[in-house]
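Please find the structures below.
Across the two complexes that follow, chain A remains constant while its partner is chain B and subsequently chain C.
Up next is the complex of A and B:
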């Protein structure tokens, strides 16, 4: 099988791909390597893509680099799960720990637009108390931002992505109406609803970043079901189809297939630019400010690899925390067989949700919370679940697969605790660019295990109450990444301040999920984008005050 | 004081005449029977539009629902009959009602009522009950209402047609013009409710989606005012608004055709986009209701001339 992946950059010669038209182009402003741009941003996903848009719209000159290709979903994405593995980060990484992460599918991407290009579109707000987890809930760390401020930025992001959500969201403080209405539930989502109603807890249609009505050149969702394999219709509202087109229109330059290997520190104690690899050679882009937005593995990897005499343990790492406190969400599923046909592959995979255990603190023997959502794995993914978790093969696997259209499932997004031993460091091994690969260690802690056990018990009860039989639960599964460059109020216990500005180097910033002090029990993309919008507003303000 | 008020009223009553370009001219006294029949035929034509909308809409939507329940064939059969009866009535110059038409209209009203019940049951039994999301995506509660209206207005048409020469047509113990003005206002507001709900589902993503929830309510309010106080000055405004609503019914089909085009594959992929996009046959219900309103005004004219 040969995948169709662009081998040469598409965004160059004054134009970038127009994602909304087959073979289309939009004009793009370009900067020379010698131009000292206001901001060079590394990564174009939920953090970098959003920030590139907001900063260029504020009038700053911006170059955003991404090692991934610049896709046009309408022509580049196939209805083929294997082909679409091309969206994942598949360059070599070393993983270990008792719960070694499986990297790629649901935690890292390599595309302009980042892993949002294959995210499940679940767009949830943090519970307000989580921003003060230590002082209000007694675990983890406090965030250096106020929930009310975040609430405003959540609203901005939901509007920018035209999130399709329920008319009334049953948990948490009042929120404005979602810009678009929720999608129709599929049968798999109705299983969650039925189970919830039987157990007496609330449920809701999941707020999703896929259109339930037309928007500009993007069509409403056709319920094709290949969401996490890459949406080929542009109904999915990712950085690729929302923030980045806006960034281009505002004068930003996007450089695809551009790998940043090192950030350069000048004699003044400020960074001067970055070394990047594109079209077969290493180049140097000058910049007044550098923003790292490579997510929880690539961000610390780049900072660690940019070590210099002044920062021998890695740039901005005087706290020693760069790379530490990596978090992944626990993501165990519970599955069962229903009497009726479910056909869970239809539509977005997680159309219904309950955040009951995010907002209820009684009856828990663990810190933190979890949400769970209905599931809809495509056949190849489902085979992987069956072989990986249950060791099924041959005839037994075939028999099990014949129940595919009757399967239903629930899966948690469970909060894990930040633990120092879960970390990213540099290995001796080198990648295709000659850069040391990331060595990623992850193990669940005792609290994480208690949370998972609670969730599995509860989801079993819910599935049984909905009428499922042959119920079984997954052992080890994770999703998303958070932490490794924690933000905070104290330079000795955090890497950056609330704006993502590193304590050590005033013109080096971080803008992605690695800033998270805690992980929360919800998918992180909305919070990453909200932080990026907040950072952009702060940068504007600081620029006005002459404090950049 | 009293004299001043009277003078004021008289001035108001001359306002429409002042606004119109042509000076009021004395018209020949019309034949009351012919006017009743004309109003009845107009009512029949209104019912034709309503039942045609129901026929096309239920055909598409119940096909989409794979005629899961046999009762889903009922609105197709009944609205076909209602359409035939209405076309017949629309061209029938007779001053007498027709028993078969009358019976079909009764059947249409009953079917519309039963359909509303079925659709309510379909919404209520779904997880979440009568939530917004179920009202969006389960059987549309307001759709069978159009068939109920076709039946009721059809029956009214037959009663109006039966008016003896020299008599003022009556409905529910009221002069027919006033009764129909009120009923058309209620029917229009019911339809506006349905449109409002479904355009809310579409998040009013296109500003034109506000038209059918702003013009028809204005027309309905004016018609309600006419029903309460059938004063002549209101008729001109009512007529103007009803003509707008009538046109909106046609324009809506065009807007919905554009909406279908905005779905994946556009009109090339019509077999999917017509089902997933906005319903093409829905807007002409407004045309039907506008004709009912105009018939009501005809009857009022008759009474006052």
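Up next is the complex of A and C:
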């Protein structure tokens, strides 16, 4: 029921929207469909947007396509949960499994800027050992990258997004101080702090991708709390407001409202370009390289939809792994009522965090770790929790809703294990472009259940110690998606190498959350962006060596 | 019940810095929606309105929230949520079948149309849906509990809390852009936020 949605592409005729000015434009270089561009990138989110920027700055010709609209947040974003549903992937997908995923609002964006346009801005580094989970911690898979290298790229991304965070972060090896000072805590965050101190564990202000001081044309965060409904002030540092303006300035072309339906394989065994739908018709963009960055559901869907006689099971799928090992962070919340007024709708939703159980291995009866953060759901999200999780309705529902401004909560981002049966495949049903939609199966495993049970116990204790009463915990919640095209060192057990280059087709790449071999206990976007920066540097190097 | 936030009206902030133009446009439009069905038939509409009254009972002495209208418009535009349980039919079909089955169940159990039952009977019936203890054949291929929890509670809760009047009832600040909030600590309130009555 959106009122304000662009119906025709905005990025064309040599210009793209200037996100920093109402009605503004910036110049944009354009390519013809027949120009064989160096890189055609599908998706402009954390992976695709970052890569488009870094490759165009390295001098490559880049066209990045996204089926979502190109927003100017200052004029297009209302302070309204319903209106802002327009930011989510709302085309049909079929779900099943014991813990069938809620998609759309919960984990999938459809905008230039991708899911970062409505992300909660939590910007965390992986624990170093997670990159070698199999050999050092005894579960999951090793990543084909070294943590020290990743930490360098984390530093680059934190600088590019001017992450606001504490001077000293209490967990893990030394890291430089965050570019911008940490945000003030709201009462919801103080509840986490109180509970942590009572239980004797460390906590910290969450490193966030929203400004705590002015930056260029963007103002600091005004603590309006609508972050996951899109930031109408541009304080949020998303791909839309950081990487993509840089990409345009460096000569990349962005195509909004452009749906890629199929990647074409040539006789040489290399891909030749992609078929995309824009302004009512199918077109073909030629490209020397194609990068898929559509996230964990759309990336495998597109590869499977691009099956051809040479690759009847989908492109880059000789391992049979495309679409498999889908992971979704466990995301159970524990809530309680405080005597104090909390008014958790104010400020970014997760201003305080503890990574205690990411960095402590003692006392666990499960593999992996979890972080948890303070919460601040707005009414529509909150009522969904009440009806969806507790099954409340009638007077009981309305009575609970009345406690809104006294409510506080903690929620995990919990590591889940990669399991083959959790997967994305094609359904018979077609979307508005005539393309088979994704069928997504997800169930938690035993280890996941043990982790969740541990987290719920601990968070209950923490809330109680902070003074909450009427405490209850959510059952089957999930958050961020990861996996389905994992990277690795061995072509028989992975889809791409460490650079995101597919083993089967040398000029077909993947650059998004689907590359994750394991999920870690932190939100994924910083790692996705770090991988994209790393891939760009590797591509530069390979080009110099003549190995592209 | 005593009101928790007496005198608080989110709409009073409409012309203050708390609302940007986009918020004004969107909320104005929502409040101007005609409380009439565009997609559902009159019978389905009456049934939906009665169902909404049980799922989100409205406090007396407060302006009435037209909950059903957002669901009807969602159906009219066939605007799904971006996913659907494999066992469930698509949005429009699920609502149509669900409303029909609800009425069939009412006739089977209480010998009358759902809209004619007493509120207590309606609640008893919904309790059965929630527990999947239904008898009517009309639920086939949909599932009473799936419909009740996955569609009815989901869509009705979401619609109710999309209206400014609901925000008045729970003390939510409503639109907040470009002006957000300044006072964030325990028991701190900006002057443009709701005052909670100490007598509830």
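Just so we're on the same page, the second predicted complex is superposed on the first by the 546 of 548 C-alpha atoms of A that agree within 3 Å, B and C clash if a C-alpha of one lies under 4 Å from a C-alpha of the other, contacts with A are read in each partner's own complex, and residues count from 1 in each chain.
Quick note on the criterion: a contact is a pair of C-beta atoms (placed from the backbone, for glycine too) under 8 Å apart; a residue touches a chain by one contact, two chains touch by 3 or more.
Treat the numbers as computed from the prediction; the structure is a model and nothing was measured.
Trainee: Looking at A:350 after the superposition, I want to know if it touches chain B, chain C, both of them or none. Which is it: first, second, both, neither?
Mentor: neither
Trainee: Of the two partners chain B and chain C, indicate the one touching more residues belonging to chain A.
Mentor: If we count touched residues of chain A for both partners, the winner is C.
Trainee: Let me test your reading of the model: by the given contact rule, A:190 touches which partner, first (chain B), second (chain C), both or neither?
Mentor: The answer is both, since A:190 touches chain B and chain C.
Trainee: Please indicate which partner A:214 is in contact with in the superposed arrangement: first for chain B, second for chain C, both, or neither.
Mentor: first
Trainee: State whether A:44 touches chain B only (first), chain C only (second), both chains, or neither.
Mentor: It touches nothing on chain B or chain C.
Trainee: Identify the partner contact of A:167: answer first if only chain B is touched, second if only chain C is, both if each is, neither if none is.
Mentor: After superposing on A, A:167 lies in contact with chain B but is clear of chain C.
Trainee: Per the contact definition in the header, classify A:439: touching chain B only (first), chain C only (second), both, or neither.
Mentor: The answer is second: A:439 touches chain C but not chain B.
Trainee: Quick check for you: in the superposed arrangement, does A:205 touch first (chain B), second (chain C), both or neither?
Mentor: Touch status of A:205: first partner only.
Trainee: Per the contact definition in the header, classify A:222: touching chain B only (first), chain C only (second), both, or neither.
Mentor: both
Trainee: Once the shared chain is lined up, is A:182 touching chain B (first), chain C (second), both, or neither of them?
Mentor: So A:182 only meets chain B here.
Trainee: Go through chain A and flag every residue that touches chain B in one model and chain C in the other.
Mentor: The overlap between the chain B and chain C interfaces on chain A comprises residues 184-185, 190, 222, 233.
Trainee: Applying the document's contact rule, which stretches of chain A touch chain C when the two form their complex?
Mentor: Its residues touching chain C are 1, 3-4, 74-83, 88-96, 100-105, 108, 184-187, 190, 221-226, 232-233, 340-343, 345-347, 378-380, 382-384, 386-388, 391, 393-395, 397-398, 401-402, 404-405, 439-440.
Trainee: Which bits of chain A are touching chain B when the two form their complex?
Mentor: 162, 166-168, 179-182, 184-185, 190, 193-194, 197, 203, 205, 212-215, 219-220, 222, 233, 235
Trainee: State the interface residues of chain B toward chain A in the complex, per the touch definition above.
Mentor: Those in contact with chain A are residues 126-128, 131-133, 136-137, 200-203, 205-206, 259, 262-264, 272, 276.
Trainee: Given the complex with chain A, which residues does chain C contribute to the contact?
Mentor: So the residues of chain C in touch with chain A come to 4, 18-23, 25-27, 29-30, 54-57, 59, 70, 73-74, 77, 79-87, 90, 123, 126, 130, 149, 153-154, 157-158, 160-162, 166-167, 169-182, 184-189, 193-194, 196, 200.
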